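Think of it as A, B, C, D and E in the order they're written, each chain with its own count starting at 1.
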């Protein structure tokens, strides 16, 4: 069988089990997935279906039991975890510059990021002085400061309110438009998937049960549009 | 001025400042709020507006700078934190029974709770073997097992998928219906607020900027109904 | 695999004994101070056969166990108290810190004056040696307890006591265990100092007596026995604790 | 408030001195073993005036500082290695554990043989006293590092080294500090043992010499000076470290 | 170390060789080692070794076993005041150690004190607790004293404690009798405790100066110089009584009277007499009889030849 060479990430025949209390739990079973080098791929699926596990496998934090992950991306990989995972001993500013080498960034760059995620005035605060949503935004700023060419995001906007979330979604689309990065986003909000996704993948029973290519729809999208409503319904039925 | 005696929680003239990096940040400023003894009160507001702080004040975890909180509830108070806060050294089962005294509960009771939150099969797993959403559900089960008469919930469903979330919302309404508890729910989803709330409170600039009494709408609600769409719009404008 | 581990464990000790043997054979050092392994081994066997060695071991062990237990109980009580009520420490901190820096050996005449030359003085020396690492580690473990988990206890209506044993204690366990290991090491090490006070048996006595009698072969036997019995006890406690703590808590007790 | 704290701190020590004074006054104990506070204080003043005491203090301090520094460097290197590569510990664990349980005092003859009666042997005694609590605490701190935070380092493309000093080290800091405190206490305590080996100055020597000369007043002065200088150093290091660590890290260094 | 030739002063002596780079000696001032105190204070050793350009170093190694160990390790060249007992113990265990001269005999400085006025004779000690340092002159004194009443160590309860600890045990009433020497003995005596016996007539309490055969063989000239210096010191002491008492009092922080009183108990004569050899033979027998040594030591073998 000939394999088409695609830049981006290629997942083939992926298996991952976990053992809990002595029992083996199959989480990913024979999973195939292509993630394009330029584009926003959104992964949706039930809680506990293996989305985080998939991202962790992509980031190399977990080793697959079987199968193959081919990363063909120039540049770095960055990840926003499901929890903020800030260093409790560092201020917001230092948490954001945590992944950067001294002298490789300007003060303005960080200041811009800080206002982008809306935590101005809290530069010198420590993580335990922030609200849940603020911590998540610091984590997002940390990964953006790192300028990865592929960003994995695990429910990054889960604890943001409607407006903040909207801002962040717009920002994500901007980042994509400007730098054509590969972004992989896990979310529980189908609406969010439809707003930002160019490729929406439904994970179910350890496999991709459905995937939708939305790259023909330009941003900003009106997800009350019939097409989107139809897709949303379909996803909800398949999830 | 005569004060009407209301069972439930009465918040008057509440002030709370935090100091970050030497600067005082006013979070709650002259807040007034009544929470009825029987009913689901939903608090919405921007990320960082003070929702968690308000819940922590109610739970007695934080002390107000000024003002008064009168709790007039018989029975216990329970809280679901914004993070799961499970004991890492205990199994799921033991985390759920964590707040209970031995001999005061039956095995079936806990088993029911476990299937209610949908984590059957993971009784013997440790928190670090669970997905984000699963941890949150264990935290919910823990508080339900405790049978409080007032439950404070801080974005309890934030990392749950559409269906699991729906189930949990229904369950919350059931719990209210059966036991008429006081439930205070913080959420970022206005839809969720409209689906479960009997009283929806918008927190802004440290005060209640708006509140909506929805107790006349029976469950289950159709939030695509005009009334709700109107309220949603209004809330979004006010938030 | 298991056999493999035994080899890995014994590799360096084996090499050291080899160097010792070769050095003695080539007379690289003075036989009077470091006798050959053969001679030490011969004395070792004689002392085992005569039952002398086991008597010394038991005698020291019982002293150390008593001293260690007392030290642990004190360290636990005061450490927990200090960890939970940091504001009160000001009253006793100076005295504790003072005692922490005073060599127990310098106190021997005073101990004899107050507690006599019996077991009491010996055990106090052991207690003084073992108390402080346990105290400081326990205090640190208790004081550093995760506030977020403690709040869970608050919202579940736990009393102070209940919060303590259901949250603080399990959370501080790794620190407590490290403290206990260090403390046990020091209490075991203290037998020389303790048995300086008019002991008639014990490994410390064995070594001191051999020193006075210039019997370096016996000194070496004593040193080895102390080291090995110490390691063995440590292992034993480690296994016991691992049995008691069902999973969940890593303990660095490797 | 500050004055208040001074009173609280000195309350118990003051009471103890009072008891001591009354006991001596009423001749409740033998003056040879525990002389009256008046006499001890007089000797103390004389020794300060003659410059003798400060000389002993400096001499002991320099020994302890050298020994402690060496012990810390070793403990840090091996502790970090052990914490990061737990599988390799099997090779050296036995020997480390063995040494941990052997009383340094019993090794004096061997130390004299190998390292002579100069400073080397004395410093080794101090190193042996201080190494293990630091080693075990550092190892524990490193080994227990939060895996979730480490993964952040992984995803930011940190090298092993970078992960170590940007995540593991700050995370393990409280453990390292507790280990250092315990280690310093023990290294300071070890001066009696160290200065048993042919010392001509130092607080340990002062006490040993006073014992030989049957000068219990000097012994008590020695004990007090050891305790007080120890406490002072501990405080000093505490303040220094608090200065160095800008916020964020609690350290139980109370 | 290097092999040096003595710079010849024109006299036509045969070249003398030595093999050392320093002269390290022990410095023990207790119980009341006046020669050591005077010698160090005046720098007599250094004066004598200046001729060879060798620095003199002092080591405060006070216990016998430590001294003999340090000698064996080669870190020390001379043990300036070591108990004959320690030398015999070391020799019996195979150490290369040789006596080059006597340091002192001071049986009167070693005493047995009773706590209880009921104890007046050796016979009264039966069944009592006696504290003291094991395997030393004091221990030997006790055995010899018990023997006068036909008792052995088994008839009493001997408690092995160092001198300071024995003193503490005595004054706190923990033991019925204690073996003490030096300032501790002086203090206890002044406090009115009863001296049951001194070592006089019981032990010879010989303290000796020792080096190793190996060092002697390679450095005969240095050993001779050492002895010369020792003699010089003793002569000086004889001629300057007031000054040496003064110096000793300052060094030990004892009162002048105490020094004067204690000084009379010591006999600092460096020649090895037949009586000394007899005394050491007795000590050797004591050690052997009490199973403290396994191998006999011939005293004449441990004198330098």
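FYI, a contact is a pair of C-beta atoms (placed from the backbone, for glycine too) under 8 Å apart; a residue touches a chain by one contact, two chains touch by 3 or more.
Since the structure is predicted, the reported quantities are computational estimates derived from the model, not experimental observations.
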Shared touching partners of chain A and chain C are B, D
Looking at contacts between chains, which pair has the highest count of C-beta pairs? C-D
Averaging over Cα atoms per chain, report the distance between chain C and chain D in Å. 17
Chain centre separation in whole Å, for chain E relative to chain A (CA means): 84
Quick one: report the Å distance separating chain B from chain D, using the average Cα coordinate of each chain. 51
For chain C, jot down the residues that touch at least 2 other chains. 30, 33, 109-110, 112-114, 211, 216
Residues touching two or more other chains, restricted to chain E: which are they? 65, 69, 72-73, 162, 164, 167-168, 171-172
Residues of chain B that touch two or more other chains: which are they? 83, 91
Pairs of chains found to touch, sorted by chain label: A-B, A-D, B-C, C-D, C-E, D-E
Hey, which residues of chain D end up touching chain C in the complex? 5, 8-13, 16, 29-30, 33-34, 82, 86, 89-95, 97-107, 109-110, 112-114, 132-133, 136-137, 139-140, 143-144, 174-175, 178, 181-182, 185-186, 188-193, 204, 207, 211, 216, 219, 222-223, 226-231, 234, 250, 252, 254
Per the touch rule, the chain E residues reaching chain C in their complex are 65, 68-69, 72-74, 86, 89-90, 92-96, 131, 133-136, 159-162, 164-165, 167-169, 171-172, 174-175, 292-293
Under the stated contact criterion, what part of chain D meets chain E in this complex? 29-30, 32-33, 108-109, 112-114, 116-118, 196-200, 205, 208-209, 211-215
Under the stated contact criterion, what part of chain E meets chain D in this complex? 26-27, 29-30, 58-62, 65-66, 69-70, 72-73, 75-76, 162-164, 167-168, 171-172, 182-184, 186-188, 191, 252-254
Quick check: in the complex, which residue numbers of chain D touch chain A? 148-149, 151-152, 154-158, 166-167, 170-171, 173, 247-249
